[in-house]
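Letters are used for the chains, namely A, B, C and D, taken in the order the chains are written, and counting of residues starts over at 1 for each.
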Amino acid sequence: MSFVLGENRYGKAETHVVRITKDGPSHGIKDLTVSVALSGDMSDVHLTGDNAAVLPTDTQKNTVFAFAQKYGIETSENFAVLLAQHFVDSQPTIHHARVEVAEFGWDRIRPWAGRHGGPPKDHGHSFVRSGRETRTAVVHYDGAATRVVSGLQDLVVMNSTDSEFHGYIKDEYTTLPETRDRILATAVTARWRHGETDNADIRTADFDGSYDVARSAMLEAFAETYSLSLQQTLYAMGTRVLEECPGICEIRFALPNKHHFAVDLSPLGLANPNETFYAADRPYGLIEGTVLREGAPEAGPAWT
Amino acid sequence: MSFVLGENRYGKAETHVVRITKDGPSHGIKDLTVSVALSGDMSDVHLTGDNAAVLPTDTQKNTVFAFAQKYGIETSENFAVLLAQHFVDSQPTIHHARVEVAEFGWDRIRPWAGRHGGPPKDHGHSFVRSGRETRTAVVHYDGAATRVVSGLQDLVVMNSTDSEFHGYIKDEYTTLPETRDRILATAVTARWRHGETDNADIRTADFDGSYDVARSAMLEAFAETYSLSLQQTLYAMGTRVLEECPGICEIRFALPNKHHFAVDLSPLGLANPNETFYAADRPYGLIEGTVLREGAPEAGPAWT
Amino acid sequence: MSFVLGENRYGKAETHVVRITKDGPSHGIKDLTVSVALSGDMSDVHLTGDNAAVLPTDTQKNTVFAFAQKYGIETSENFAVLLAQHFVDSQPTIHHARVEVAEFGWDRIRPWAGRHGGPPKDHGHSFVRSGRETRTAVVHYDGAATRVVSGLQDLVVMNSTDSEFHGYIKDEYTTLPETRDRILATAVTARWRHGETDNADIRTADFDGSYDVARSAMLEAFAETYSLSLQQTLYAMGTRVLEECPGICEIRFALPNKHHFAVDLSPLGLANPNETFYAADRPYGLIEGTVLREGAPEAGPAWT
Amino acid sequence: MSFVLGENRYGKAETHVVRITKDGPSHGIKDLTVSVALSGDMSDVHLTGDNAAVLPTDTQKNTVFAFAQKYGIETSENFAVLLAQHFVDSQPTIHHARVEVAEFGWDRIRPWAGRHGGPPKDHGHSFVRSGRETRTAVVHYDGAATRVVSGLQDLVVMNSTDSEFHGYIKDEYTTLPETRDRILATAVTARWRHGETDNADIRTADFDGSYDVARSAMLEAFAETYSLSLQQTLYAMGTRVLEECPGICEIRFALPNKHHFAVDLSPLGLANPNETFYAADRPYGLIEGTVLREGAPEAGPAWT
């Protein structure tokens, strides 16, 4: 028998770095976890344990902290690009780098205007975690092209009406009644692929701008779509993002259907005109789908 | 040998109810989990399995949904009071009810003003989970007094400066250097006890008002306290809440010290003037403390 | 207005220590998280931030590691006793220590006997996490008495029959049908209080022995009790432990009723003679109860 | 601008089914969550909300329960194959099914032999969750071929010695000292692809047999490999599985390097001869790799 080493990668996962910028008493904050995965000349380390081609994961962690200090963190994407290009360009044995970031938002603590009279004090270095969705980024670099996928997860949304579900297949295992009014709720995981950009320009590209537009486009499309199925809502959200963000060529969604069942109160002698719901945990529907701009460039390893 | 049955209680935990209120196209939402725990004449069920004194947990769940429909949910506290009084007052074998609520906030989805020109459309029945802290309430009722404890958890806050730590005990196991500048971060769990109120009045008391003031007081005290220890900050937060909320007689905190260690970059030839931090998971400091109004009434079972 | 500082404590939580003992090629392992909470002369640190009475939580962490090295870890309880007594006896400002331990079990990796022929090789320093329940311990020491509570959590058990539920209260919100055959499943959290012991003797007392007996007693009582209610099963488990473990004076349980609902397959034309179940997540019943030995000594702070 | 619908699938996720088999007083148990994902003629539902091609996720859930009752659950893989073939073969609009299973193990509660004297009683319908690793299965069926990937996750293993790490790249960000003795610990996630099998035969193939051999092979290879890098251990585990399981053609691993750092006790005047370790949470190394049998058939969609 003979065996071969297949695809492999290694790296340091979830280095949690917080970078404070100080402009007098007013501070800024970036809070993110960074996961690095490198590939290259890794046959020896697997077959014999020879580490001569291995840049230790501990060094990768140090590099994350050092780069945060030296270059700051403009956006998650910019930071991931810097790191990915560094690992491949500085180490001959490393041919491919994947850098993934999860970013957590903070708001400034703002005094309750007018509550104490007089002008509000400035809390320039005090923050509260926003608790909003987590922002994500994945960057691939192979020495030639830099590929960037941005995204978000745990953006939980609900329409309390304007959703129907009917006209579906009925087979011998079907018991679900059709409905003309239901709650539609989901926790959006979305990832969008940016079109091709020069390896240098992409280090300073404005990813905050596209993030804000994409997020708003998804929220608005979700709210404005009278929905006959979650798939229809997914597609509406995807096309809205592509319409409003010309630099994005593809978007992928994973949308759990967070079921809210109207409680049957009739055994208790009560009517329930779609006002009282049981929010179920499991099982849940899971709708996954992709929307592409026609003629989108090849994705390569962008989604891996 | 002889054994005795000691303290006991039982009930349905984490019934997840979502209550929609509909005023034309504009909807309101309350999203909460309700946990009921009842005590009373429960010797027989433990000793022989005789359930004659037992109101099933399934019935408790039904009651939560039915009350949500019949009475609506004004605040978590009002709703918990209604339920607790109901169980004790309607069942002779139930002598004590504890009802605990965790409430999750939702914001309306608001169109990005001005982005599309023209007046914003109204998204009256579309919501996004705020992701802010979880609001909590615990109500006890024993047929005589109703006791209410409100609270919050996972309010994550950070001061990026204005925190020191020095002057502590040094023993043979001490290695920590003193510091004049550090990050102070915590995830606030706070619970505050309301003073005594009439059993009827408390059903409609304004708990939203005190919640908003207490939350703001905590945030402002956290931001405005130049801190020499997390205990000092805790006490400042507690007294601020008691100062601003005359109806609250006691407040308890559990504050994990979420350590952010300045990364030592000197081996890499880099200075780090408290700008780049490693956010640690475990271990963490845990500071717990109570602040009371002088002459606060007895707590009874309020905290159990 | 005047405010007072109430109950408080502080310490380092969840220091995760792994202690290897080496007896030639055969190693032993103890894997636990340790959480320390100290109380004492803590007015100044709360009111003014003066840390003169504060033993830093970082020092507490160092002490955990140093004690693991110096004294080894005989059992979780012995180790917690050593630490608790140390903090109070060595620091005049510390009057009370609470030390909590969670312990994770490991099994030796054993070769599959006979699979390769010949005698099994010895894997003396290779382990696999058992994944069984987590073992717990809480020790209190106040300079006079040492109190020990042992326990376990996440011991998940199921009887697939021999459980009924009927004869309960029916009110206007009751819809549950009575049943003569159901699954009874729970995730046992149990904590048992040991009787009084000399402060020196308790450092070396045999807590492994009582743990093994208590665990077996609970499992056997669960399996052997034909159950008319989960409360009855709880009481049977508690008395069994007290019968078999003379050194234990009190035991407390929290037993979630992990509902397994027989799926109604009749709309699909299928019978379901209690063979196919839907395992629900939430809501769940929660049964809490205590069994004491008659004449058990006062608990003092043991359960806090 | 023009947009196109890309890859998509939908289904019911995490239906939690428990199937009891009853052979007199001795019962058997299968406990698993099943996640179905279907693809096919889904353009209309995305573009217009027309559900004519959609088999509702609720029906999928019903089918899981009905099949559990009708056919029983021989192994997770057999059950997933039945479901996947059913959805595609019975619905013209469904062209591809993916069925994923996670299975949780239970042991019988066994009386402590000899503890009470006399022969042990039989606890034929009493079980305790094993807490061992989770067993996994993913089946793809497209109307032509059935592809099966088995696996496990959270198999946590540790070697307390016989691991070194040195000879790696040093760059300007490297600070890690080389070591000749360290703990090597990981939580194994492994998935192995079975070779091609006839669509009918695979419904009754013996997947328990290969599971047991693969699991033992991994444990033994982990224990018996003197490790110079986690990659080397990964490759040894993979080849061992392929050697011992002729029906498996490929295996993929994700191995987090669960760092256990020897605590530096020298500032406290204590030696630490690799006996006392700090078990870190994050960051962690993550090693991913594949081992294939030479000439393994194409994987097709097996890994998606």
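Here is the rule we use: a contact is a pair of C-beta atoms (placed from the backbone, for glycine too) under 8 Å apart; a residue touches a chain by one contact, two chains touch by 3 or more.
Here the structure is a predicted model, which is why all the values come from computation and not from measurement.
Student: Quick one: which chain's Cα centre is the longest way from chain C's?
Tutor: Farthest chain from chain C, going by C-alpha centroids: A.
Student: So which has more C-beta pairs touching, A-C or C-D?
Tutor: By the number of C-beta pairs in contact, the winner is C-D.
Student: So the centre of each chain is just the mean of its C-alpha atoms; given that, what is the distance between chain B and chain C in Å?
Tutor: Taking the average C-alpha coordinate of chain B and of chain C, the gap between them is 25 Å.
Student: Just curious, how far off is chain C from chain A if you go by their C-alpha centres, in Å?
Tutor: Whole-Å distance between the two chain centres: 38.
Student: Taking the mean of the C-alpha atoms as each chain's centre, how many Å separate chain C from chain D?
Tutor: 29
Student: Among the residues of chain B, which ones contact at least 2 other chains?
Tutor: If we look for residues of chain B contacting two or more partner chains, we find 15-16, 62, 66, 173, 175, 268, 281-282.
Student: With touch defined as at the start, can you tell me which chain D residues reach chain C in the complex?
Tutor: For chain D paired with chain C, touching residues are 15-22, 27, 29, 31, 62, 65-66, 68-70, 106, 109, 111-112, 115, 121, 123, 125-133, 154-162, 183, 216, 219-220, 222-224, 260, 263, 265, 268, 270-272, 274-281.
Student: Of all residues in chain B, which touch chain C in the complex?
Tutor: Against chain C, chain B makes touches at 1-16, 33, 35, 37, 42, 45-59, 61-63, 66, 90-91, 93, 165-171, 173-176, 227-232, 234-235, 238-239, 242-243, 250, 252, 256-257, 282-294.
Student: In the complex formed with chain A, which residues of chain C make contact?
Tutor: Residues in contact with chain A: 172-173, 175, 267-269, 281-282.
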